[in-house]
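Encoded as structure tokens, the structure appears first; notes follow it.
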Amino acid sequence: MDLGLDVIEQNGYTVLSVKGEVDVYTAPRLRERLVELVSEGARKIVVDLEQVEFLDSTGLGVLVGGLKRLRSNDGDLSLVCTQTRILKVFEITGLTKVFSIYNSIEDATNGE
Amino acid sequence: MDLGLDVIEQNGYTVLSVKGEVDVYTAPRLRERLVELVSEGARKIVVDLEQVEFLDSTGLGVLVGGLKRLRSNDGDLSLVCTQTRILKVFEITGLTKVFSIYNSIEDATNGE
Amino acid sequence: MLGNTNVQLDIPIQMEYVSLVRILISDLAQSRREIDPQKVNDLKLAISEACTNAIEAHKAIHSDQKIKIAWSEQPDHFEVSIRDFGKGFDIEALPKHPPVTDPERLNFERGLGIPLIKALMDEVSFNSSSEGTFVKMIVFCQPLEKKLDFDSEL
Amino acid sequence: MLGNTNVQLDIPIQMEYVSLVRILISDLAQSRREIDPQKVNDLKLAISEACTNAIEAHKAIHSDQKIKIAWSEQPDHFEVSIRDFGKGFDIEALPKHPPVTDPERLNFERGLGIPLIKALMDEVSFNSSSEGTFVKMIVFCQPLEKKLDFDSEL
């Protein structure tokens, strides 16, 4: 199972676009990529979930871990997500209140 | 599992376009439709297999049965098929020598 | 107990098989009955969480025994169960997460699986002992409206 | 015997489950190794034929026992087996079809399943007794060139 992980720089933000299914088998790759980005100096990370087909609690955990790491480095991690089935997972777990979730990469990288 | 069965008349031929997977579960519907068409008077039938995703020996059997029924009524049944994976099944079983197989509905309904 | 098990799948103790279970269960749910596509997504997520836990439970005791997923159909619902032979757990004793507004919340990267299963399934039961765990999940085929306000439960 | 069974699926005696087996097996073949897509199609067809025969064998004796499909992985090949508990058959005694040029050929709508399995699989063995039938099929993962000129065998 492939997990697509593409990075672009936009407007001072590092945008990580995730493609495919994020579950217990693939989530470690997402975690590694986030850790790498932070260690390379990224502080404002946007994780674009628009092409994610499936996301489970392991995926949520990785995102929470990333947010924690960035906040403790004076950075932030926000999300792009409009898919109802993915948003639902954040809603049920209350994580919509923890993450800033945007409708588009443009919105997420517009600064405030 | 749905089997699409669409009929159009073209150039004096009855064209039955099959869509989906033809296996032991769905083949009876194909058989019924062929029997119906013959009993309604169709004699020159073209079975268009271009949208077939899967065809097993039960499907082959139904087509052989249809051909037999038509030949014994002074009719004929020919096929439209260009997909290699479907053609392969006809080749292995020698049925390429039993059926006329065309590249398009146009070719199949051009007379001869 | 399960009424009438229609399909049973045994998978090895490797995380890469969880996606196979999702494919199987979502195909079953979609092909067998009229069902709300969102319910199929819910089922895929719940079964993933339960299988992940089952595989983890076997890994924890270095068991290479397969876990068993069973699917059965009842007049108005589907039943999916996951059986493992790990050392079990006490569902009542699971730690509660701090509220989402608490900064401490960020220290909890795990523990979201069972709350998700409970929120997504129409009914769920956990039977766990030192012999292993049996999770039974029920989804009604006629879509039911379900409120998604489970913050307090997490 | 099967080396190492990775995945096992039990299905009920209903023809609509054959498509489920195809989905499972093709997902396994595609996700586990680099494999020629045409080989995956071959495997889907062979497994369909074998499952159809197994279900028919159970229907013939009104058995509602499930049939068992097992998947295992070896260094250079996949092994897929189908076990049923029907009354078995003698593969040597199967009627031969008339040549395709014989007009009589049109009277044979059946009997193409086993020839297809034999032509499509890299190796196949049938073990049949009054207790049931065990069909083992092997597909090499590194694509092999295979000539498709089996007319004489049919």
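Chains here go by letter, A, B, C and D, matching the order in which they are written, and residues are numbered from 1 within each.
Note that a residue touches a chain if its C-beta (ideal position, glycine included) is under 8 Å from a C-beta of that chain, and two chains touch if they have at least 3 such contacts.
Bear in mind the structure is a predicted one, so any value in this text is a computation, not a measurement.
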> Out of curiosity, which chains are bumping into both chain B and chain D?
Replying inline: none
>> Does excluding chain D break the complex into separate pieces, and if so which chains end up together?
In response: A, C | B
>> Roughly how far is chain A from chain B, centre to centre by C-alpha average, rounded to an integer in Å?
In response: 50
>> I'd like to verify one number: the distance from the centre of chain A to the centre of chain D, where each centre is the average of its C-alpha atoms, in whole angstrom.
In response: 44
> Using mean CA coordinates as chain centres, what's the chain C-chain D distance in Å?
Replying inline: 33
> Of all the residues in chain D, which ones touch at least 2 other chains?
Replying inline: 16, 19, 31
>> Can you pull out the residues of chain B that are in contact with at least two other chains?
In response: 1
>> According to the definition already given, which pairs of chains are in contact?
In response: A-C, B-D, C-D
> In their shared complex, at which residues does chain A touch chain C?
Replying inline: 1, 21, 23-25, 54, 56-58, 60-62, 64-65, 67-68, 71, 84-85, 88-89, 91-95, 97-98
>> Touching residues of chain D toward chain B in the complex: what are they?
In response: 15-16, 18-19, 22, 38, 41, 44-45, 48-49, 52, 55, 99-101, 105-110, 112-113, 115-116, 119-120, 148, 150-151, 154
>> Which stretch or stretches of chain C touch chain D in the complex?
In response: 6-12, 16-17, 19-20, 23-24, 27-28, 31, 66
